[in-house]
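Mind having a look at this structure? Questions to follow.
As written, the chain order gives the labels A, B and C, with residue 1 at the start of each chain.
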Amino acid sequence: MDFVSKSTEGPVVTLTLNRGKVNAINEALAEELRKSLEDILSDSGIKSVILKGQGSFFSFGLDIPEFLNYSKQDFNRFVGKFADLYTYIFTYPKPVIAALNGHTVAGGFMLATACDYRVMVADKARMSLNEITFGSSLFPGSAEMLRYLVGDRMAEIIALTGDMYSAEQAKEIGLVDLVSSEESLTQDCMTVAVGFVSRFGPAYQSIKNLLRSDTAAIMRDKDKRYRAEMIDIWYSEDTWARLKMIKIRN
Amino acid sequence: MDFVSKSTEGPVVTLTLNRGKVNAINEALAEELRKSLEDILSDSGIKSVILKGQGSFFSFGLDIPEFLNYSKQDFNRFVGKFADLYTYIFTYPKPVIAALNGHTVAGGFMLATACDYRVMVADKARMSLNEITFGSSLFPGSAEMLRYLVGDRMAEIIALTGDMYSAEQAKEIGLVDLVSSEESLTQDCMTVAVGFVSRFGPAYQSIKNLLRSDTAAIMRDKDKRYRAEMIDIWYSEDTWARLKMIKIRN
Amino acid sequence: MDFVSKSTEGPVVTLTLNRGKVNAINEALAEELRKSLEDILSDSGIKSVILKGQGSFFSFGLDIPEFLNYSKQDFNRFVGKFADLYTYIFTYPKPVIAALNGHTVAGGFMLATACDYRVMVADKARMSLNEITFGSSLFPGSAEMLRYLVGDRMAEIIALTGDMYSAEQAKEIGLVDLVSSEESLTQDCMTVAVGFVSRFGPAYQSIKNLLRSDTAAIMRDKDKRYRAEMIDIWYSEDTWARLKMIKIRN
């Protein structure tokens, strides 16, 4: 694994995104994260997962400069793969806690909203589903996860403004569950994870499935039906010009 | 146009309901509003719409005394037309901001909840979906817009009590987005509209459609399936007697 | 009636659960409550129902020790009967107010969330849907009522933690509508009931149906589709061992 590192402490495993300064998501990172989660699923000793970013970002989202080199066909394949990934996390049978150690934007925001619980550091970190600010539509399923988390209207406000939210603001509108600090994040996430471990079992899996399976079905359906529209907008002249101006620090 | 006036300032158009003291909605007003919005849709220079009322009301709702002269068949036609209108606004490809300059009741409430954003003046103005207080059921689709805006349970409280909400209360429960004053309303709405203009484009339309199309489909379905029930209750002896007591100031 | 007593005051009837110290729900109590509600439905003089518990509990939930004597087939029959009961209350044509006079847990929580309105005493009483704490999944329909009441994400938090909520906390997250006290509960519920009486009629029934029928349809569907899974978990070795440790004070 080049871009996802793993460390285990008792029944809790921590996966750390590790790619450049901002943990920009490319196809390899998405594949590694999927593979890591599949491995953990078959490890009966693991009962809770923490997902965090190395450095000062959780993830700033897709590595747009890299994707601008993709053909439309290749980008279409990636979009399907990334949608599969967040839906996989959204319905993952073991609890996943997002440790939002820094900015959590676009694709990073999608990974975070797929988890069971979000702990975010106060101060500089911001959450944003900011696609509209560079003229992109949304990954269709990401809109459904957002509705699930904060309700229809708040999802609309977040998605149609692309606003940035501090940890306190994110907590107030339901995007995160707990505000922490740089110093306490690891410990706070471990405490949350241990709580999940204590309740984990067939009942947990059954209830999570009862509550999330309808949304997951809509996600799968919309990620198919609206993908072409989202990709057409991505490749439209105006949006493409704005995407080319985006720099990623690696 | 007799009952809807129009003024344009750059990419923002303001439509003003203009009928009597309370902007009571009759069939002609509904048709004019629809026609105005259709015209604006095909005007590529317009990127945001503000909808307000003249005088001290946004709209007090349907012109009930006028509709009591309608045959059941004619009223049925109007109900379908008004349901089409609010669904048209709910899914309108350009952003519509409701400038709630005064009381916003029943049919006026429905127009307001169909918009993308609501700014309401503080002090005397009230919002209310008060059909139950005169023994009428709801326009079926209006119940769905309300759920979209404030969630299932709050929608139920609003609809089953018919309570009146001040601007501050309406903001707290999610009915409005911004509280303004008589003096600042025009400027505040223009600021909001300019923000929408800056984000307007194919991504805006795609995201709005992603988020609202499911509810719109349910609205269309329920407005068909439940219309006869709503109209039967409207024409029932008890409700009819209460409707006849309603006066509209013209 | 052994376990449900009834008293009438004008158009308001009060049904009181009356079984042991904690109003533990067994099959007879569920049947009596259903029968009482059916009788009230056909009594045109009654326009509002208050449902409360005698003593210091609303209801602590199912009488688990009694159900452990049931065969799997008999328990399956009861689960279907109880799911029918809460769905019947959720869609009951007359308003039902839950007077939460004490702890309101598991099956008691389900009855409460099925009602139109909840008044809860402050201080010692707690609300909890705590199945996960003894390794049981949920009655599938109860998850849907909870989503209706508090939204998807809050429902998930409540159901996946099994946390206990005081009246104030329950009010804040939308589980209850009004916080009262031991001294004022009866009067407060009567005031709420009289308000419902004043609005009761065909419009009330039509609006309640408009708003609740979709959720009720999902409840009926899921209570069928997921019942076997819930019962298999109930009879699994680990959960059974935990159920055997539960004592009910009678």
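In this section, a residue touches a chain if its C-beta (ideal position, glycine included) is under 8 Å from a C-beta of that chain, and two chains touch if they have at least 3 such contacts.
Remember, predicted model here, so these are calculated numbers, not experimental data.
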Chain B and chain A are one sequence twice: same or different residues at the contact, by the over-half rule?
different
I'd like the angle of the rotation relating chain B and chain C after CA superposition, in degrees, nearest 5.
120
Cα-centroid distance, chain A relative to chain B, in whole angstrom
36
Touching at least two other chains at once: which residues of chain A meet that condition?
147, 151
How about chain C: which of its residues touch chain B in the complex?
116, 147-151, 174, 177, 195, 199, 201-204, 206-208, 210-212, 214-215
In their complex, what parts of chain A are in touch with chain B?
131-133, 135-138, 140, 143, 147, 151-153, 155-157, 159-162, 218, 222, 226, 229-230, 233, 236, 238-239
